[in-house]
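All chains are identified by letter, namely A, B, C, D, E and F, in their written order; residue positions are counted from 1 within each chain.
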Amino acid sequence: MRSWKRTLLILAVLALGAGAYAEDITAADAMFTANNIWMMVSIFLVFTMHLGFATVEVGLTRAKNTVNILFKNTAIVAIGLLTYALIGFNLMYPGDFIIPGVFGFGGFGIAAPEGAAGLIDYAGGAYSYWTDFLFQGMFAATAATIVSGAVAERIKLPSFLIFSVIYVAFVYPFVGSWVWGGGWLAEMNFHDFAGSTLVHSVGGWGALASIMLLGPRLGKYVNGHAKAIPGHSMPLLTIGVFLLWLGWFGFNGGSVLSGDPGAVSYVLVTTSLAAAAGIMGSMITTWVLQKKPDLTMVLNGCLAGLVGITAGADAVSVNAAILIGAVCGTVAVMSVMMFDKLKVDDPVGATTVHLVCGIIGTLAVALSPEYTLGVQALGVLTYGAVCFPAAFLIMFVLKKTLGIRVSEEEELKGLDIGEHGMEAYSGFQIFTNS
Amino acid sequence: MRSWKRTLLILAVLALGAGAYAEDITAADAMFTANNIWMMVSIFLVFTMHLGFATVEVGLTRAKNTVNILFKNTAIVAIGLLTYALIGFNLMYPGDFIIPGVFGFGGFGIAAPEGAAGLIDYAGGAYSYWTDFLFQGMFAATAATIVSGAVAERIKLPSFLIFSVIYVAFVYPFVGSWVWGGGWLAEMNFHDFAGSTLVHSVGGWGALASIMLLGPRLGKYVNGHAKAIPGHSMPLLTIGVFLLWLGWFGFNGGSVLSGDPGAVSYVLVTTSLAAAAGIMGSMITTWVLQKKPDLTMVLNGCLAGLVGITAGADAVSVNAAILIGAVCGTVAVMSVMMFDKLKVDDPVGATTVHLVCGIIGTLAVALSPEYTLGVQALGVLTYGAVCFPAAFLIMFVLKKTLGIRVSEEEELKGLDIGEHGMEAYSGFQIFTNS
Amino acid sequence: MRSWKRTLLILAVLALGAGAYAEDITAADAMFTANNIWMMVSIFLVFTMHLGFATVEVGLTRAKNTVNILFKNTAIVAIGLLTYALIGFNLMYPGDFIIPGVFGFGGFGIAAPEGAAGLIDYAGGAYSYWTDFLFQGMFAATAATIVSGAVAERIKLPSFLIFSVIYVAFVYPFVGSWVWGGGWLAEMNFHDFAGSTLVHSVGGWGALASIMLLGPRLGKYVNGHAKAIPGHSMPLLTIGVFLLWLGWFGFNGGSVLSGDPGAVSYVLVTTSLAAAAGIMGSMITTWVLQKKPDLTMVLNGCLAGLVGITAGADAVSVNAAILIGAVCGTVAVMSVMMFDKLKVDDPVGATTVHLVCGIIGTLAVALSPEYTLGVQALGVLTYGAVCFPAAFLIMFVLKKTLGIRVSEEEELKGLDIGEHGMEAYSGFQIFTNS
Amino acid sequence: MKMKENIMKLIIAYIQPEKLPAVKQALYEKEVFKMSVTNALGCGQQKGYHETYRGADIEVNLLKKVCLEIAVNSEFVDSTIEAIIAGARSGNIGDGKIFVQNLEECIRIRTGEKGPGAIG
Amino acid sequence: MKMKENIMKLIIAYIQPEKLPAVKQALYEKEVFKMSVTNALGCGQQKGYHETYRGADIEVNLLKKVCLEIAVNSEFVDSTIEAIIAGARSGNIGDGKIFVQNLEECIRIRTGEKGPGAIG
Amino acid sequence: MKMKENIMKLIIAYIQPEKLPAVKQALYEKEVFKMSVTNALGCGQQKGYHETYRGADIEVNLLKKVCLEIAVNSEFVDSTIEAIIAGARSGNIGDGKIFVQNLEECIRIRTGEKGPGAIG
């Protein structure tokens, strides 16, 4: 903060006569600065989502596994940013492809083009090279974070970290390049505005594959029917969901890739109304199906609405946005129950929120005349066909080698003691028998 | 995030020679973009306040009612946004009035004026139509949230939700139109910059009416004198107050309705200093009156200062701002005690913070030569005369029909089990006998 | 929110023909508005750090001292802002010095220069006077907050508050003027971009002096070797660290002192990568040294990386940033252990994170060709030579007069009951015997 | 030994948490001022309740109770029991139980004092 | 007195927390439906564990246990004990202990009913 | 029965929470290694304290205590009691109480072992 340089500047200015320094500022410079500020704000908002994910996952699981979840989510952010700097960014935005539209790689590491090429000319005055990298990098970790919630309370820490590195460094950017990198799906006019499919489904498929290989938590399915394993902190869950909604303003709003007032503010409105409708839809559904309204379902419903609108936030009408939110909120409640029926144990509902609603949202883009259900469905299937097997393979290899599941004893005592040798709430009396 | 389109754009640009695309950008466009970004940032900050309210209310109440409070606050945000989109926005900003200066309605639903009329020309280049809607919409839910805290730990969920819908959809925007909608009080030069009266007192009057009809919590007043019912989480309370202060930067700063550097930054300064003075004023007062300084009082004092400065943040001097904050902080401590003397049970001090300090702040605007105490007082009285009876009526009808209070047994066991069938802190050993 | 004035404006506009109002807007105005918005966003982010500090400190200490820590951190923000308005700002940025380069004072209180001089001309169109004050003011409290964590769980509240007032009102701005105020170290080209030394080390030296006078917590060192005193909430700790990282975007990004897209976005990237590298460095180190990876160490490592990059975020290369982060993360783990060996009891690792890594970061600036290790080292030594004795003196006087340590009985029962007469988690069953 | 056995009793009562204040009140009136309280989970005739959490079944059959332990000299046994009943009875299943045991010895840590005298 | 003494017993068992569901199951099968549960910390042969927290040594020798208190009529004592053992035994150190005491009296608060009849 | 009665005792002690480490230390020195600990709230001569919360009166008369349960063979009773007193006494009101009861039986779950041998 070298205000003294500022002082000098001012003196200079005064010397020249006030405002003189202003002459060489163009409207384009000012626009570039404003646009870039918007993108940086979006970076902060997306960053905040990682805290949101951490608290949601912690809130929906048991106290004895809290440290482990927090650890995973902290590590993922670091892994995401560093691998994205090393490989991901240039794999997802290769510039020109090696296998046209399918695969490209711009080389290792990050470096801004010289001069204006890395600044005002980098993206037509919308943002700088560094802003672009960081915005995209903040997205990258998300895919692994989604998996983290689904596998919580039973996965071995090292195996999870290895999975995350591979999934975030290679799978996510590789498949991402097909749309956002300008690949073949983009050319087919497949539309996924901010990532219902590219981010959320990619994470969701990874989560599904992982929990299928991992199996349910001990005591989750007792002689054939599902038992509840209540999360230990509703306040943390709620804090997380609000932070995620907040972050979504940047996740979707930033995906406009400029500060364009009309476009961005419209996206913020569709995003907010879909989230609100998701709350309402899930509230009614849980009240009807469970007699008493379940807070965790309503909060899942809010996220469901947000994931659902992500693909078409810029393209659908306000009413369509509300509809998408309401449908996703309603489906979310049923989907959580369905996965339990199928004995697929997902402690936080990640597969429901990110996979199921990610698919719904991607298809719903067809509500806008510009896009066709066929192409949207093709995109959905493609990502499923690639990401599920990929995640399954990685986890399978880990299962056969390092092993992916903690011992029964450790699972009972909790992963906090087992993996980290510490408690999350030292001194508090907590019944650990469930 | 269609970076590939970006790529095309860049190619185009390079073709034309760098910067060429920039030619048609005007300073007004850039200013519009910057202003709108500021307003969007304010939206995010005001949104954050809803999380702040939720955690404050949870922190100041008992563990056994936590889920219920979180549920209410989540529902309110959704209700606020959806009803505001359907009715509120056009009731509060009707454009032209049906009953001049008193009542107008612009029709159901939201739709942006075509072209520039919804963009740069919508508000003289300050923000777009959608930005306006969302900023105003984020305010709307606040009034109901304020009530939520005061009625906590004993109100029936359905009745509260119905009350919220009516109060937020009709009462708040209707009375709001008198000032911000350009109604009769605005014409009389009544000044309420960001809503000490229009938002906080409106909520406060609703809270007062509700708790008078609801009665105190069991065990609050034992043979004639007040017993303490300690809140269960000081960390959640503190998180909430900090988030509210943060949100207030957007609540007040955004109320400048443009990014004007001088005006906005001045408002941020008066807001911050009033909050700081509120902390100091309440700290000294609680230390003197209670021997030991009470954290909950100091945090209430901070909010008191913020509510107090809200009406005049743009109009009063820096010293006046500090004075207003200090007075509100001091009064807050005494007011909390006074309401207890009056056997009006308000678990979170909502009536003190939002009503009492909202009134003080509105009157204090007269410290600025531009405004008169008489008109400010008239405004205060008007809102009390309309909102208190309105809220009272709604609650009264609910009391006679659905009932507004849970059974004694449910209140003792806690609303989390009663209304939601779940616990907020599963596994934790908590004494529920108080 | 006077939308009605807006309405008038629009009418005016339409009268003049759309866009007419736009004529007198210059690119410089737009740039000024954009820059100032960026600085205001930075203010919000830095403000958020205070909540981050509060939750980190609470998370790493015992439940029985929670209220006291929250109280201190709330008070400090108020003290910081008010004293900075009264004295600090004009002591740190005196304009011209009384003792050249060493000491200056611009007079009591704050007041913006008239007209453009306080606006567009104040800082060459980068931000307004009020923005400058608030941004700097948000930094001020930080130094005292750092001390707060180190002295937690045993210091007398009044003595701590008095210490904070003096340290924040006089010491911090006085020594700060030597660099940011344009003093002698600035003239020697000592570089501390955002305050590894000016903020973090200044706080760190204060912390070290204080805990040396205060002595370790009861039961911390039992017959010669260190016993663990586990913190009571890992979720609060994690929330705090994420909020601090978020805040750092404003702490470092705002220190560019304008919205310059290239400069700011580059700083955000170096800051993020250093934080990520800090996580990785500490993760590996704790895993190796403690067998099981310790979450608290990894989170300290993240902060260590952030403190480390703060001095050179604008000057070092991307790779250097990663290196600095990794080194600080690794050193942090060892340093925490070392301080325990030295029987210097620092419950939150403030001395490690802010002092040790502040020094490393300041020296690491020499990785950039523009700056020399000699001058950087001189700066480090100077601040140590002034701040440590200053803090020591203040605390020593307090120790001999008011006393700085609570009674043994109070320490055992907890400061929440002792200093505030309340519990942080009313109703929860907590073992208070450690 | 024998004798003492009849002199001091340990009364253990499981009651509904919300009744604790009333029971304490009733005990005070009978001049029983000393007691120890812990919170417990109980399972008895009161069948517990079924809820669903995220659609899955959750059967809560361990209900929150409060456990009182009161050491008294035998002449106080009856009045203590009456007081507990007076404060804790609601007539509903789940009101709880009172158990009485012999106490061989009682020592006041502060003074080392032993026997009946140390109880109060 | 003597007689009663033999009629009712209070069984106190300390078990591993994770065994509680199994023990409850086993007790139900033996038709013992009533019990009180508290969580406790235990220290015994099972030596506890050492961890490091921020590099400092942390010795946890008070391990989480669950305490069961079950009042039964003497004819149920053996079957109750068997059930507890059946549910709680893992063969590892730390499985826990069962203690049996005499119970002088038992009162059902709801009805005031006394003696063996009030137990069940 | 009679005999056993004299062989095993259950010692229950309520102490100040902050004294637990000292008491454990003292017990170790007397070679008493096994015990169970729960936290309790106690109300006794120690009058509790008055505070105000948000200006309203809050009377805390249930103070935090720790409850120790130790089963021992009779020859250990005295040394155990001494150890507890040694560790827990501060001379102030609130130091706590020790209660001694007979123990009819003791079973080690792991081995099924019964009687005095199972205690240690």
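Everything below uses one rule, namely that contacts are C-beta pairs under 8 Å (C-beta built on N, C-alpha and C of every residue); 3 or more make two chains touch, one makes a residue touch a chain.
As the structure is a computational prediction, the values presented were derived from the model and not from experiment.
For the interfaces B-F and C-F, the C-beta contact count is higher for B-F.
Spacing of chain D relative to chain F, judged by their CA centroids, is 17 angstrom. Distance between chain centres (mean CA atoms), chain A to chain D: 52 Å. Note: centroid distance chain A to chain E, computed from Cα atoms, is 47 Å.
Touching of two or more other chains is recorded for residues 38-39, 51-53, 101-102 of chain E. Residue positions 26-27, 30-31, 34, 37, 41, 120, 230, 233, 239, 290-292, 294, 296, 421-422, 428-429, 431-432, 434 of chain C are each in touch with at least two other chains.
All chain pairs in contact, by the document's touch criterion: A-B, A-C, A-D, A-E, B-C, B-D, B-F, C-E, C-F, D-E, D-F, E-F.
Put simply, chain F touches chain D in their complex at residues 6, 9, 12-15, 38-45, 62, 65, 67, 81, 84-85, 88-102. On the side of chain B, the complex with chain F involves touching residues 225-230, 289-292, 294, 296-297, 333, 336-337, 340, 349, 431. Considering their complex, residues 17-21, 39, 51-53, 64, 66 of chain D touch chain B. Those residues of chain A whose C-beta lies close enough to touch chain C in the complex are 1-4, 6-7, 9-10, 13-14, 18-19, 21-22, 25-27, 29-34, 36-37, 40-41, 43-44, 47-48, 50-51, 54-55, 58, 66-67, 70-71, 73-75, 77-79, 81-82, 85, 109-112, 118-120, 127-131, 133-134, 137, 157, 233, 236, 239, 419-429. Every residue of chain B that touches chain C in the complex is listed here, in rising order: 26-28, 30-31, 33-35, 37-38, 41, 45, 62-63, 93, 95, 116, 120-126, 132, 136, 139, 179-183, 186, 193-195, 230-235, 238-239, 241-243, 245-246, 249, 253-255, 257, 259-262, 264-266, 268-269, 272-273, 275-277, 279-280, 283, 290-296, 298-299, 302, 318, 322, 428-432, 434.
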